[in-house]
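After this come two complexes, each holding chain A, first together with chain B and then together with chain C.
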Partner chain A sequence: MTEGRYVYCIVEGAQKAQLGNIGIDGSRVYAIPYQDISAVVHDCPAKPYESKDNEVVKDWVIAHEKVIERAWEKLGTVLPLGFDTIIKADEEKDPEEIVEDWLRGDYQNLKEKLDKVKGKAEYGVQISWDTKVISQVLTEKDEELEKLSEEIKSKPKGMAYMYKQKLEKLLRGKLEREAERYFKKFYGRIKECTDEIRIEKLKKDEELRQTLMNVSCLADKEEVKVLGDELDKINNMDAFFVRFTGPWPPYTFV
Partner chain B sequence: MPIDIDEDNLKHGLLGLVIAIVEIIRDALKHQALRRMEGGNLTDEEIERLGRALEEIDIAIDQMKEEQGVTETVKSVRDGLDDLVDDVLDQMINPERWKKEGEEKGI
Partner chain C sequence: MEPELDWKGRATLVDLLDRVFDKGVVIYADIIISVAGIPLIGVNLRAALAGMETMLEYGVMQDMDVKSRMLEVQHRKIKEISLMEGEEIVYRMFGSYHYIKGIYNAWKSGLFYLTNTRLLLYQKDFDQVVFETPLDKIRAIGIRRERSFTGKDRDIIYLHLQEKMVVRLNVLDTQQFKQKLGHLIKKAGITLDVGLPSEELEERTHNFLMAGEKIFCKEKMWHLMPKGGIIGETWKPGYLYLTNKRLCWWYDFESKIAFQIPTKEISAPVKERKDLSTVLKDKEVLDVIYSANGTKAVVSFSGKEIDEWEKVLIRATLKGSQAEDEERETCPQCGNPAPAKKLLEKGCSKCGWVSPHQKKKLEVIN
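Right after this comes the complex of A and B.
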């Protein structure tokens, strides 16, 4: 049954490349060209990949991403598609023709998107901070907090407890405002060195290290050093940590 | 919200859930106590008594978690609840996302 084509990504250039048996479940991956763009596919039945077993799905998704990365390395600019993008044949046309039809119909749009990400890669930036150290610094330079923590020392047990709660609440508020301030600052600095930036959901905090921001950036592969240098500066700040990943194919920006 | 309960860890899970709820009630009490204290309508003696009582609750809860080995379970119940509330809030303040989700589900 090969009445469908599973599409991994669109690549620039008229490619007839064979990428080998690297697809989902070891399928043979190859490119179908139309003019100067091509679709990277494998032959499959015309029904989506579905499984109740999370491990199986995970393997499929990893294979999906591996193919995109491979195509990116070997064939140049790619537009990654989502998992389970399958083009179905109909009674009159074989699936190959349908893929071509699709490339033809959407040519302008695909071409524009390819141009947008040409020579560029996606990078992930996560910045976290050590709230314990920051809290200490805040308490030392904040009169209100310092006064309160001094007061606690001279109070009887029960009152000290209540004042401690008050102190923690105040501190939380101030930490939040600081977080917001730093977020804006870092966001601006990262934006300066990238073409595009997108805010992602924050990941779960690690013990004592709170995630401050999580962004995906699109940057020129040749000019990414500027971003790296800027992030180094942030990483060198006391109690701040930067996680910088990539280059990835531009998953987020297509 | 995934609460991991099967036959083997039923007791464990249930206890974790109960303590998580107790913690949430404790937090609400604490919040109220603090508000009244800051509002200035408690005497020093009342603050002292409240503080001692709340501290005892803290100690008792920690001890129970330790003894029963449910510290992690309680944390995961509370994280699960946090995520749930996050999602609900996110939908409420992002009507566009809400709409999109509805479309995806074909509503």
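Right after this comes the complex of A and C.
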């Protein structure tokens, strides 16, 4: 019935710690040590957590995150695992042994990773702009666009439709190039004040805002302050919006 | 700027899901329980959160109860929007509003609040009221069934406001929304133009006619849109109009005319049957050949009355070539209308008037 071990994260230190009943479905969370690292787990049946009910899955996922955050707070540097990683026992060995076997086998790798992220955290940065405003600015500043836009005013309605289509197409191209230009600029600035940076898929923004950039960064407490200042500068630019999330356990950098 | 983990925001949950389903330390060993079902769990929940706007937009609703309940729970956690004195919230419902400004348009989703004085759409994540109207500015409510580009039909609410403004809304439960809204408006003592048939609503919202332009025919038609960037040709829903000046097609999704040709550029329509997509099979298609930039091009449409349209377009193109012959004039002597060509070549059949040029010719013969 409880031959599985749901693994939340690896922590530094040989802990036989008890973190309480803070796990998924209120499970008892504790640590299994091997030399100077430990795995934070709870006992469960040897099958994955699955549900069609999104509310349930949401609760599980949040519990998963909270356990990692707690371990981080109480025990030290953590290497988070993804949701639903369950080590199963086999006929001969206890589940504890299997966990230790794994820690032993992957020891070097895990130690290196712990070293890499010690004293650091992950941060998410999304930068978007108000396409409407940027388009207006572009149309005013860019010669080609301005000229075309003026021409439309004097055209009869029928022709104006076709000219407007042309303008739209031209504007789209210019917007794309501007987006690229800003991406490179911001990427450079953020890279300078963080340890590591990973480019993520662009997410859909709810407003008429277009997301230019979505990155995850690894940074320590000092770097984060500098990063915050840089992002402030960007956020203060007209029609630009910055979303700054964190500190996250370093999911992206392990 | 300080980093934040705002667990009340839906966006933060989406950030977490991306990390927790795609990242973290990986154990490459057969000591792990097979995770076949997990990608599906992730996708379902992420689609529910991140894709909610898309789902509301295109009416793709599966298992709505769970999803609406889930969002309800989230929304309950926030404080209510600020109301005016004496204002009470009567009803709330998830929905979206079609925002159009110039060439840009997008469906904005959020929570509709129906109070005793107004209707508004609130976006929690941005703490912003995206759309608002006092109840007494509402003139009429119409509902139209429209097909989204995913091929699914959904009900769009056309809210007619004062000053000839019309806004499009989409909500989770159209009938209930209309009923509640209608009820409140009645209570406020306002009478709506309820007699508007949905056909009329249709015409009002397609604003593209030029001065002196009249519609001869119109019909709901799919149109094969040409390649655009990385997207290949695709069939899109809309309305085909034949006017006294042009053949044009209104693209619902962008609320504008996406294709048009002057009637005289049309050569010939050709009928055929083909599959438009995996969903739309064996449909009648009308390929209209026309002149553009010195060469011939083809544009394709598909709808119910393709036979009728073929006839109509043939007539329209014939008329074009016979235009000169049939151009009507009036006899300068008696005012009898007759085709110009005939008047000039043969004279007026009524009073015997003959053009000076013709007279000369006859004199010569005589």
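Going forward, the second predicted complex is superposed on the first by the 253 of 254 C-alpha atoms of A that agree within 3 Å, B and C clash if a C-alpha of one lies under 4 Å from a C-alpha of the other, contacts with A are read in each partner's own complex, and residues count from 1 in each chain.
Here is the rule we use: a contact is a pair of C-beta atoms (placed from the backbone, for glycine too) under 8 Å apart; a residue touches a chain by one contact, two chains touch by 3 or more.
Being a predicted model, the structure only gives us computed values, none of them experimental.
Engineer: Clash or fit: chain B and chain C on chain A?
Structural biologist: They clash: once the shared chain is superposed, the two partners overlap in space.
Engineer: Counting residues of chain A in contact, which comes out ahead: chain B or chain C?
Structural biologist: C
Engineer: Taking the superposition on A as described, I'd like to know which of chain B and chain C A:Val57 touches: first, second, both or neither.
Structural biologist: So A:Val57 only meets chain C here.
Engineer: Scan A:Gly158 for contacts with chain B and chain C and give back first, second, both or neither.
Structural biologist: A:Gly158: touches chain B and chain C.
Engineer: Is A:Lys166 touching anything from chain B or chain C once the two structures are fitted on A? First, second, both or neither.
Structural biologist: The first partner, chain B, only.
Engineer: Regarding the shared-chain residue A:Tyr251, is it in contact with chain B (first), chain C (second), both, or neither?
Structural biologist: second
Engineer: Take the contacts of chain A with chain B and those with chain C, and give the residues found in both.
Structural biologist: Shared contact residues on chain A (touching chain B in one complex, chain C in the other): 156-158, 161, 204.
Engineer: Chain A touches which residues of chain B in the complex?
Structural biologist: Going through chain B, the ones touching chain A are 30, 33-34, 37-38, 44, 47-55, 79.
Engineer: In the complex of these two chains, what residues of chain A are touching chain B?
Structural biologist: 156-162, 165-166, 169, 204
Engineer: Would you mind writing out the residues of chain A in touch with chain C in their complex?
Structural biologist: So the residues of chain A touching chain C come out as 4, 7, 9-10, 46-48, 50-55, 57-58, 61-62, 64-65, 79-88, 90, 98, 101-102, 105-106, 110, 113, 123-124, 131-132, 135, 156-158, 161, 164, 167-168, 200, 203-204, 206-208, 224, 228-229, 231-232, 235, 242-248, 251-252, 254.
Engineer: What residues on chain C touch chain A, complex-wise?
Structural biologist: Counting only chain C, the residues touching chain A are 1-7, 11-27, 29, 31-35, 37-38, 41-42, 44-45, 48, 50, 53-54, 63, 66-67, 69-70, 73, 99, 101, 103-104, 106, 108-109, 123, 125-126, 210-211, 245-246, 256-257, 260.
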